[in-house]
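Both complexes below contain chain A, partnered by chain B and then by chain C.
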Partner chain A sequence: MAYEISLLIVMGISITAGLSLNLITGFCGQISLGHAAFMGIGAYTSALMTKNGLPFFPSLAAGMLTAGIAGIFVGLCSLRVRHDFLAITTMGVGFLFLGIVRQQDALGGEMGISGIPDPGLGRIGFLLFVMGCAALVVYLSLYMKRSWLGFAFDAVADDEDTAGMLGLDVTQFKLIAFAIGTSLAGLAGGLYAHNIRFIDPDSFGFVESITVLSMVVIGGIGSVWGVVIASAVLSVLPLWFQFIEDYKLLVYGLLLFSVMRFSPGGLSALCFNIFSFFRKKLT
Partner chain B sequence: MLFVELLVQGLLQGSIYGLIAVGLTLVYGLLRILHVAHAGLFTLGGYICVILTNQTGSFLLAVLASMLLVGITGMLIYRICYQPILDQPPFVPLIASIGLFIAMEELFRIFFGAYGLSFTELPLQEPLPFLQVSLKQAEWLTMLMSVGFVAILAFLANRTKLGLAWKATVTDPEIASSFGVDIIQVRYLNFFIGSSLAAASGCMMAVLNNLVEPTMGSVPSYKMLAIIVLGGLGNVRGTLIAAILLGIIESYGTIYLDDLLDRDSIAFVFLIIALMIRPQGLFQRT
Partner chain C sequence: MNHLLQVHSATIQFGGVKALQEVSFHLDQEDLLGLIGPNGAGKTTLMRYVTGINDSKTGHVELSGLKISGLPVYQRVKLGISMSQQLVRPFKSMSFLDNVVFAAGYHKTEKPWKTLFIKSRIQEKQRALTLLERLGIADMAMEMPEKAPLGYLKRLEVARAMAIDPKILILDEPLAGLNQREAEKLADTLSQLNQQGQSMILIEHNLREVMRICSRLVVLDNGRLLAEGSPKSVLSQSHVQEAYLGKELHVNP
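Up next is the complex of A and B:
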């Protein structure tokens, strides 16, 4: 049972992380290759706070806040550079975060932070809390997609210049997307830190950023349920692949490649295509 | 003397970065793909070089064979992986490329072992003093190669019909093809040249470290992206200058900035500052 619980916790955390990036990349069209850095900021902030005796919930909120503030700064970069340049800039932010954390003894340096206290909810309680957070983020995403804010994001994602011409404040919407998306990433990071109860720079490296991005892209950019399913599956995939041990990463890489090569719209497009194929056959 | 030594080390590192990034910027300039798997080709080049040198005893032969084989692999990657998804948004080939790179690293590990390979007899080790700077032959060769290849490329691009066709395809593929340029062939050639440059870089890296390992491409894989952005995406000369500048800055940075940042993030501080000041890259003509 304990194994299933930790599996579900990991799933919930990666759904939160996947959807947080989906807000920025899917809804607002701003690609980010450094999303793990914001999870890292949230994780480090909340872990340092609970380690110094502060209670769990305020620490988690503080982690979200610092990640969100950092996100606004990166959002400011997105006003200056676009597309491929933005992708590389955000990647740079990710490495910058790692570079700084590695050299600061106060943040644990290479060794990371260990002995992060238990949130004191019990395993089941923590699972319910994580699932609650994930459900809340799903609800928020669905709600936002249909709200006026969501339409504005759509317009910005589609064509910034036209959106600006129509009188939308593109700057403001990009910053909002980054602020919400990154603070949710901070939440995911805080949950991660208190689940594993050990963090080090490598837990938030480039590979993790790519993993989160691949959840969004494989799920289908902008599709909420697609991203939920892809995050859930991709997060436990490495565990299912235990039996092939040595070839785990090989299969993962090839899978990533094949989905992009054969169904560039991700799983949601794939399902849609299969659905319409059968519908055509029936009629 | 530390000053000069750091400068030379920086130039050397910059040349390696330059060789690999110039190949990537060719690919990017033509197809707008962020080709991360380029670093996988760099590793492949290193492996082929070490294995062939150990088998045949001739380093030169190994380098040439490695450039040829990796060039062909690059063309295959284009045909099998990128051509069908060229009309997709840019993150689709990017993720496909990252997936491919992860798979390639794993294949190297599975086929050649996790601990890497070394030369049985390391070539090009005699010191060659020149202007008080004493470097090994291999180190001179690395620097010469990066400048030499860029010069050859510049010659090809500016003085031959082939270069004219290449430049026309970069500017506007449709109009180029209506003037009789076979743009598919231009793309293949582009991938061949770009990939063989990555192989050359991998060979030199193998000699300088006397080691090839499955993960030797992972640091270049992202650093080369920073370099081609700084060089003004698709600009060959700018890329070489950016690479050498970065090499020098890193080599001083590791000494003077060490308590603040680690070596690999210096590139990105440099990148972010540069992009905020000049969003189109350092050397892009506007």
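Up next is the complex of A and C:
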């Protein structure tokens, strides 16, 4: 039972992380290859606070806040870059985060932070809390898609110059996407830190950023349910099968490649195509 | 009295090419100004200068006496300048209807943070449908723009530009890609719109329609202002005819 609970917690955290990137990359069309850095900021902030005796929930909120502020800052710096240049810039942000954390003794340096306190909810309580967070993020994503914010994100993702020609303040909308997406990444990071109760720079490295991006791309960029399923499955696969853990990069790389080659719209587009194929056959 | 729009000596250079040289012109309330000239004359560049896509260090633009040069594109749009592009750029992920609905919701997207709490699109849908009908493309409302013919996409551009209720509607070759019957119909629609008080600038090669509906003409050639005035007086000038048709050849028998 304890094992299943751990699996479900990992799933819930991954869903939160996957959807947080989906808001930025899927909804607003801004690619990010450094998303793990924001999870890291949330994780380090909340872990340091609970280690210093502060309660869990305010620490988690503080982690979200710092990650969100960092997200707005990075967003401001990358407003002028687009597409592949944005990919490289955000990748740089990820490495910058690692570079800083590794050199700071206060942040545990290479050794990381161990002995992070238990949130005190019990394993089941923590599971329920994580699932609650994931459910809220799912709800927020679905709600956002139907609001004018989601509508504006669609326009920005589609063609930001044209959106500007229709009077949309594209800059502000990009910043909102970064702010919401990165603060939710901070939430995922804080949950991660208090689940494993040990974090080090490698927990939030480039591979992690790519892992989260794979979840979004494989699920279907912009599709809420696609990303939920991809995040859930991809997060527990390495835990079920040792060889996937050993060859994680290879497996994820292969999956990313196959999706891009055979179904650029991800799982959601694949399901949609299969569904319409059979519907045609039936009628 | 202030003109509705006044451009003072706009000069724009792309590398070594002078696309515009000291061009000044104005637009008055309820004008339907035709901006004509041969290809490469600088018509689109001039309008992109007005909307702020191309900026120049010299010269400036005034909207109702208010200097707007230096402002970013979206702010000029909010102040009332709307332009439909010559090269159509629909939102490919949205249907014809949604393309116009989005534009019609310009007042809802004005305060970005508030957009999260606004969901209703009913009014915008009504308005969008009316516009699509007025332009004769309501039958495509639910279609995606990807496979639509150019004539439809051109009119979608116009519908979107109209949806943001501009003070000045700038249309860049809206009639191109339409057959003569469609062109005539759209020109009629534009003329009606103008009679209802919409100020408009029309870049167009279809001289027949331009002559029919425009109240004033501005002619550009090689980045310079060639002529300005009523359609008849402008087109009767010999240097305008030369720019359009070339010099008359005098062949000795």
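By our rule, the second predicted complex is superposed on the first by the 272 of 283 C-alpha atoms of A that agree within 3 Å, B and C clash if a C-alpha of one lies under 4 Å from a C-alpha of the other, contacts with A are read in each partner's own complex, and residues count from 1 in each chain.
The criterion applied here is as follows: a residue touches a chain if its C-beta (ideal position, glycine included) is under 8 Å from a C-beta of that chain, and two chains touch if they have at least 3 such contacts.
Because the structure is predicted, anything quoted here is derived from the model rather than measured.
In the model built by aligning both structures on chain A, chain B fits alongside chain C without clashing. In the superposition on chain A, contact of A:I31 is made with chain B only, not with chain C. Shared-chain residue A:F173: touches chain C; no touch with chain B.
Using the contact criterion defined above for the overlaid structures, shared-chain residue A:L48 touches neither chain B nor chain C, since it reaches no partner. In the superposition on chain A, A:C77 makes contact with chain B only, while chain C stays out of contact range. In the superposition on chain A, A:D161 contacts chain C only, with no contact to chain B. Of the two partner chains placed by the overlay, neither chain B nor chain C lies in contact with A:M11. The superposition-derived angle at chain A (between chain B and chain C) is 80°, Cα centres, a multiple of 10. Of the two partner chains placed around the shared chain by superposition, chain B is the only one that A:T89 touches, whereas chain C remains out of contact.
When the two structures are aligned on the shared chain, A:P264 is found in touch with chain B, with no touch to chain C.
By the touch criterion defined above, A:I100 lies against chain B but remains apart from chain C after alignment on the C-alpha atoms of chain A. Between chain B and chain C, the smallest C-alpha to C-alpha distance in the superposed model amounts to 9 Å.
Across the superposed pair, chain B and chain C touch chain A at no common residue. Considering their complex, residues 144, 146-149, 151-152, 154-155, 157-159, 161-162, 164-170, 172-173, 176 of chain A touch chain C. For chain C in complex with chain A, the touching residues are 51, 72-74, 77-78, 82-83, 85, 89, 91-94, 102-103, 105-106, 108-109, 112-113, 115-119, 121, 160, 164.
The residues of chain B lying in touch with chain A in their complex are 32, 34, 81, 84-85, 88, 90-96, 98-107, 110, 222, 225-226, 229, 233, 258-262, 264-269, 271-272, 275-276, 279, 281. Within the complex formed with chain B, the chain A residues making contact are 25, 31, 77, 80-81, 83-85, 87-89, 91-93, 95-96, 98-100, 102-103, 206, 210, 213-214, 217, 221, 246-247, 249-250, 252-258, 260-261, 264.
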